[in-house]
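Two complexes follow with chain A in common, the first pairing it with chain B and the second with chain C.
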Partner chain A sequence: MNAKIRDMIVTNFLAIAAGLILSGLMLLLLKINPIPVFKEALTTIITDKYTLGDVFLKATPLIFTALSFAFAFKANLFNIGAQGQFYMGSIVAIAVSLQLQGKVPTIVLLMIVFALTMVAGGLIGAFIGFLKAHYNANEFLVSMMSTYVVLALMNYLLRTFLKESKGEYPQTDALTRDAWIPNLLDGTRLHVGFIVAILVAIGVWILLYKTPLGYRIRAVGSNASAAEMSGIPSKKIYIITFFISGALAGMAGFTEVNGVQHMLIQDFNSGIGSAGLGIAILANANPIGIIFASILFGALNVIGNLMGRMPGVNVPASIVDLMQGFVMIFVIVSYFFRSYLENRREKLKLQKKAVGE
Partner chain B sequence: MEAPYFELRNVSKYFARVVANKDISFSIGHGEVVALLGENGAGKSTVMKILYGLYKADEGQIFMEGKEQKINSPKDAMALGISMIQQHFSLVPAHTVTENIILGNVHGKIDYEACKKTVKNLAQQYGFDIPVDAKVSDLAVGVQQKVEILKALYLDAKLLIMDEPTAVLTPQESEKLMEFVKNYTKKGNSVIFITHKLKEVMEVADRIVVMRNGILCGNLNSKETNEIELARKMIGKDIVPAERKKEDTKQEKEVKLKVNRILVQKKGELPILHDISFDIKAGEIFGIAGVSGNGQDELCEVISGARKVTEGEILLNDEDITKLSIQERIEKGMGYVPVDRHRDAMIMNMTLSENMMLKTSFNKKWKKHGLIDKTKLDAYTKKAIEDYMIKAPGPDAEAKGLSGGNQQKVILAREVDNGKELLILNQPTRGLDLGAINNIHTAVLEERNKGKSVLLVSTELTEIFDLCDRIAVIYKGGFMGIYNHDELTTGKIGLLMAGYVREGEV
Partner chain C sequence: MIVSLLSRALMMSTPLLYGSIAEVIAERTGMMVTAIEGIFLMGAWGGFVGTYLTGSAFIGILMAMATGTMTAAIYGIVCIFLKQHQVVTGTAINILAAGFCTYFQRVLFGIPTSPLKIDPLSQIAIPVLSKIPVIGPIFFYQNSLTYLVYFIIPLSYFLLFRTSIGLIIRSTGENPEAVDVAGINVNGVRFVVVLLAGVMGGVAGAFYSVGYLGMFTTNMIGGRGWIAFAICFLGNWNPKGAVIGTVVFGFTEAIAIYMQSIGGGSYFPNELFIALPYILTIVLTVCRKNFNVPAKLGVAYSKEN
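Up next is the complex of A and B:
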């Protein structure tokens, strides 16, 4: 087998194992024996259909936000605002769905909502790209701060125009079944959105590596000066890239509102932006790798929840974040370890060759 | 026998993927000038950077007067009396000459007057004429180099390593530098000269160390060798120079490119280019000679569309293209090889195929059902690899894995094809070895014979003389004149490059 692929599989596996073991040790500090806890959690995941479905359910929005970060990253841009773009998508999804439900057939409604969430997230992205292209604004900061603006807007709307009819909580009315994304598997919460996410990931891969536009985006990302000299307008590319990046995050609003929550509440999925960023790095910004990395994070999420709900043992719910954090750190370390391994291998090869001469 | 001043024994250095040096051993005596000769990428700079403490050798030892020394940083090297003048100077442009020279070697309150006096004395000792109070940014490149040398002398360097010192100098300035080297070594100091120019080597060196592909392949006394032997050692084979077919120039051909009174100027600054007018006919190579940094790069950018003109117009085949974008000019048949290929012409982490379509990514010829037609692109790249004898594993190889000469050939192949009408070449052979230079010269002459117009910018006079039909000399953004191929001599062009007006007008 190719040494590079072998390294990749082995180091990633070790990194995940190390992350889990270290989280287990933290449990020991809480005077909880981690072995039965992990064993129980893993058995449930494998045997319980509903729980297994949840792994993919949780992975779905992560695929979108990770793609969002990865896509901009290919143009050497940093979109830290996937969370905000996701919220914008969610606002549009709930507002449009509430208006249209019952009036148009479900499939039409879903397609309209899907398209509009893309546009909503995309416009936020394009605005950041515009500021970057024309005023050389730091897209890192602007995109990060844009999340707070959208968050404030969402909170405002939840208290005013979108507030539920009962008027008790800052949340919207629930959607009727007409506006739900159809289920994928009976007996689970898993919906068709997961398939959409995978198709979008493949689409992003094709766009990036097989089309002239993707080629130009990567060219600008790898060497903006050479691209500019070759007649590729980098400013335009910045705006296009940020539009697509934002649109990808916006799509998560569609799958989460119409597929899972069926309403919009405060502090909705607050961690998927930053988790997506980590997943994108974990997958080395490769769209296909992102699918698998997202499923891994979905699984960690579910394991954490299971452990938190386990009867008899008092595992704190925050153990999820801890586990994800540890795995992330080890995976990133493994990335550097891999490049060290490869360098050493190349060097040895040379030394051997030189001696052999 | 007396131990040599410095000696390297079996020094090896491996970078990931390349052997930079393998078993390099040579020595340098007191008062000796050693030339380190080799093509680019032969490992000359690397071995010197090891001696100067910038790199750490993977194997081998360094001895000073018979005693082993560990040199871990330039600071250690300086303590032993070694100083290195890098190809790119390490001066602070906004500071004065004196400030630059004393940089890092003064503490507490600085007595500027005393420092100035020391620097002045030092300069006089070697016959340097340097304004000690001037800002470095105001000085010519040749003078900046002298400042670098003074910096080394100020630290009492006994061994001066110079990396391609004449690359940025006019012929006259180079001569002065050689004089200094002779002067300096007379006092018992030593000089190591990194170069790939045979002429300099024969002129100044006592001993010549030749390197090829990271290995030492010759250690010769300069009196016992000649240029032909050195060239063979350096390249490993004989070189047949590209033949320039004599054409009868009387026959008038149509003008392809016409440049009319170009001015490029930022508000409130001196013009970068002024009053530039010329035309290039079909089947003609128009050369622009000059010391680098006199507006050549800007002129190429103006014609290629990367830089806007303040005034003036550019016509291609009688069509005004002054306002057109880079993309539109490429479509009109303009090929451009910029001077900095790493920055402006190539994407190192992309494949050769991808690099081949860099300039034509908007062109429909690469599209099939909305996707990139990879089969067609690969076939096109494969043909370029064969036609230009590019040493590469295939169209899917990454550009960064190729040697500089082969990267340049990829760019040339692309631009020759893009430039159906006009080919702009800015220093197309800079940093390349003789074999690759030869290949590129042959290719350029072939394109000329096919009837293309070529604009060739070069600081290498031999290149200008070998290839060009007409030659313009550029100095401080303006032309010193346009001459026919046979109207100029090395001496005359040297004076023009330095800004002296033509003889007869003086």
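Up next is the complex of A and C:
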């Protein structure tokens, strides 16, 4: 095995383990013995089909938001606003689905909604890219702020135009089964959106590494002025990259609204933007790696929820954030050790060469 | 009425002043403190816990400084000494901070039946000065944290532009090699300013919990750390610019609160006022030209390069 890949697997594994162990120690503070709790959660995941399905279910939107960050990152752009683009996708998904359900066949409805969520997220992204390209606005700040604006818009719509017909809570009506994404496995909540997410991840990999556009995006990412010199219009690339990045986050709105929640509520999946960023880091922005890292985060989520439901233990739900945060920090630290190991290897190689001559 | 609005605006500006001035000083050395949202939150939490447990707001604010500094220290170690990406590390720390506060709030207080309350800092009227018409009630009827920031503004400007320490700070962001050659530890300078940002960011966070609301919730910062971060950019990495930027933001926020209080919601949606500071940031980011970005902003320093 390639030494670099070996390092990556070993250091990532150690980082994840360290994060979990530290979170486990935190449980001791609540006088909960972490070992049986973790053990029971893991056994449930492995033996219970429904729970296992939930791992992949939770991974699905994370794949999209992680791809969203990673894609822009390849052009050396920061899209911190995946959460907002996801919300925009969700708003469009629920609004369009409520209008079309029962009027068109499910498959047509789903395809229309999917396309429109892409456009919705993509337009927010393209707007950020446009400001970056033409006004040299700091895309990091603009994308960060755009999330709060979209959030306010969503809360407004939930209170007014999209409010449920009962008029009680700030949430929408539930979708009828006509607008649901079909199930993938009986006895679970897992839906076809997971397959879509994997296909999209593979598609993003192909786009980035096997097409001229992907080459241009990466060229702008590694050196924008050099790319400009060789005739790649970096401004156009900024806008295109941000459009795709936003569209990826928007798709998560489709899978979450039509696949899981079947309605839109306040504070809907509020952490998937930042979790996506963490996953992209964990996977080193590699689209295929993102699939696996998302499944890991999905599993952390499910483990946390299982712990919270265990009778007589009372683990708070915030343990999920804690686990994710610790794992992310340790993964970032592990990058340091990985580059240290690589440097040392290179040095040894050079020394050997010098001795050989 | 206009007086109470302006007084409100100044009050809402206070934490942003602490945050953005800290950010200015740190970014002048090349360190974007992207963990600022997490530092604010940890400060808010630490301030609340300290005040609730001891009953003394002073100890609460010291505690906020400690939790803020702790958060900043983790950020500094990972970004400066382990040379990892500043944006990426900051995001991870912000997530961790949110989880940490919520979890430890639970560890310390369990699930309280009614929301835990502390007495927010009271407004102190400065003798004589507070009697001046208009200016008095606006500037001299505030809480102690606001008074403290009056001193920090000129002090930070003086420190940055009139002292040799300021020269070192600014040079570290522009030309770290030269600073290194002069025998000054570049990473040491950066670590110190990041810790300073932790202290000031912690106070800023405590302003929301201890100074104003008298309670703690996990979403109480709600992006205000990022606004302080934005103000630093928009203020062109200068304490003076940060003051102007903050006043604009504080004013927007005060107007938002005021409009909600007089029932402006019947004309405009409340959400519009909530979104206003964020929209304003985007607009200003677009309008602002001729930035004076520190040359090495966001770049880790190592001697070999």
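Here is the rule we use: the second predicted complex is superposed on the first by the 355 of 357 C-alpha atoms of A that agree within 3 Å, B and C clash if a C-alpha of one lies under 4 Å from a C-alpha of the other, contacts with A are read in each partner's own complex, and residues count from 1 in each chain.
Here, a residue touches a chain if its C-beta (ideal position, glycine included) is under 8 Å from a C-beta of that chain, and two chains touch if they have at least 3 such contacts.
Bear in mind that the values here come from a model prediction, so they are computed numbers and not experimental data.
Participant: Looking at the combined model built on chain A, do chain B and chain C fit side by side or clash?
Facilitator: Aligned through their shared chain, the two binders fit side by side on chain A.
Participant: If you stack the two complexes on chain A, which partner ends up touching A:Ala275: first (chain B), second (chain C), both, or neither?
Facilitator: In the superposition, A:Ala275 contacts chain C only.
Participant: Using the superposition on chain A described above, determine whether A:Val149 touches chain B (first), chain C (second), both, or neither.
Facilitator: The answer is second: A:Val149 touches chain C but not chain B.
Participant: In the overlay, answer first, second, both or neither for which of chain B and chain C A:Glu228 touches.
Facilitator: first
Participant: Identify the partner contact of A:Met328: answer first if only chain B is touched, second if only chain C is, both if each is, neither if none is.
Facilitator: A:Met328 sits against chain C, while chain B stays out of touch.
Participant: Is A:Glu346 touching anything from chain B or chain C once the two structures are fitted on A? First, second, both or neither.
Facilitator: The first partner, chain B, only.
Participant: Angle chain B-chain A-chain C between C-alpha centres, in steps of 10 degrees?
Facilitator: Value: 70 degrees, nearest 10.
Participant: With both structures superposed, pick whichever of chain B and chain C touches the larger number of chain A residues.
Facilitator: Result: the larger residue contact count on chain A belongs to C.
Participant: Per the contact definition in the header, classify A:Phe292: touching chain B only (first), chain C only (second), both, or neither.
Facilitator: After superposing on A, A:Phe292 lies clear of both chain B and chain C.
Participant: In Å, how small is the closest CA gap from chain B to chain C once the two complexes are overlaid?
Facilitator: Nearest C-alpha atoms of the two chains are 5 Å apart.
Participant: Under the contact rule defined above, give the chain A residues that sit at the interface with chain B and also at the interface with chain C.
Facilitator: none
Participant: In their complex, what parts of chain B are in touch with chain A?
Facilitator: Its residues touching chain A are 12, 14-19, 22, 304-306, 325-327, 329-330, 336, 338, 343-350, 354, 357-359, 361-362, 366-367, 370-372, 374.
Participant: Of all residues in chain A, which touch chain C in the complex?
Facilitator: Listed in rising order, the residues of chain A that touch chain C are 26, 29-30, 78, 80, 131, 135, 137-138, 140-142, 144-146, 148-149, 151-153, 155-156, 159-160, 271, 274-275, 277-278, 281, 316, 318-326, 328-329, 332-333, 335-336.
Participant: Spell out the residues on chain A that touch chain B in their complex, using ranges where they run on.
Facilitator: 206, 210-212, 215-216, 218-219, 222-223, 225-233, 342-343, 346-347, 350-351, 353-354
Participant: Where on chain C is chain A touching in the complex?
Facilitator: Against chain A, chain C makes touches at 74, 78, 82-85, 87-89, 91-100, 102-103, 106-107, 222-223, 226, 229-230, 233, 269, 271-272, 274-275, 278-279, 281-282, 285-286.
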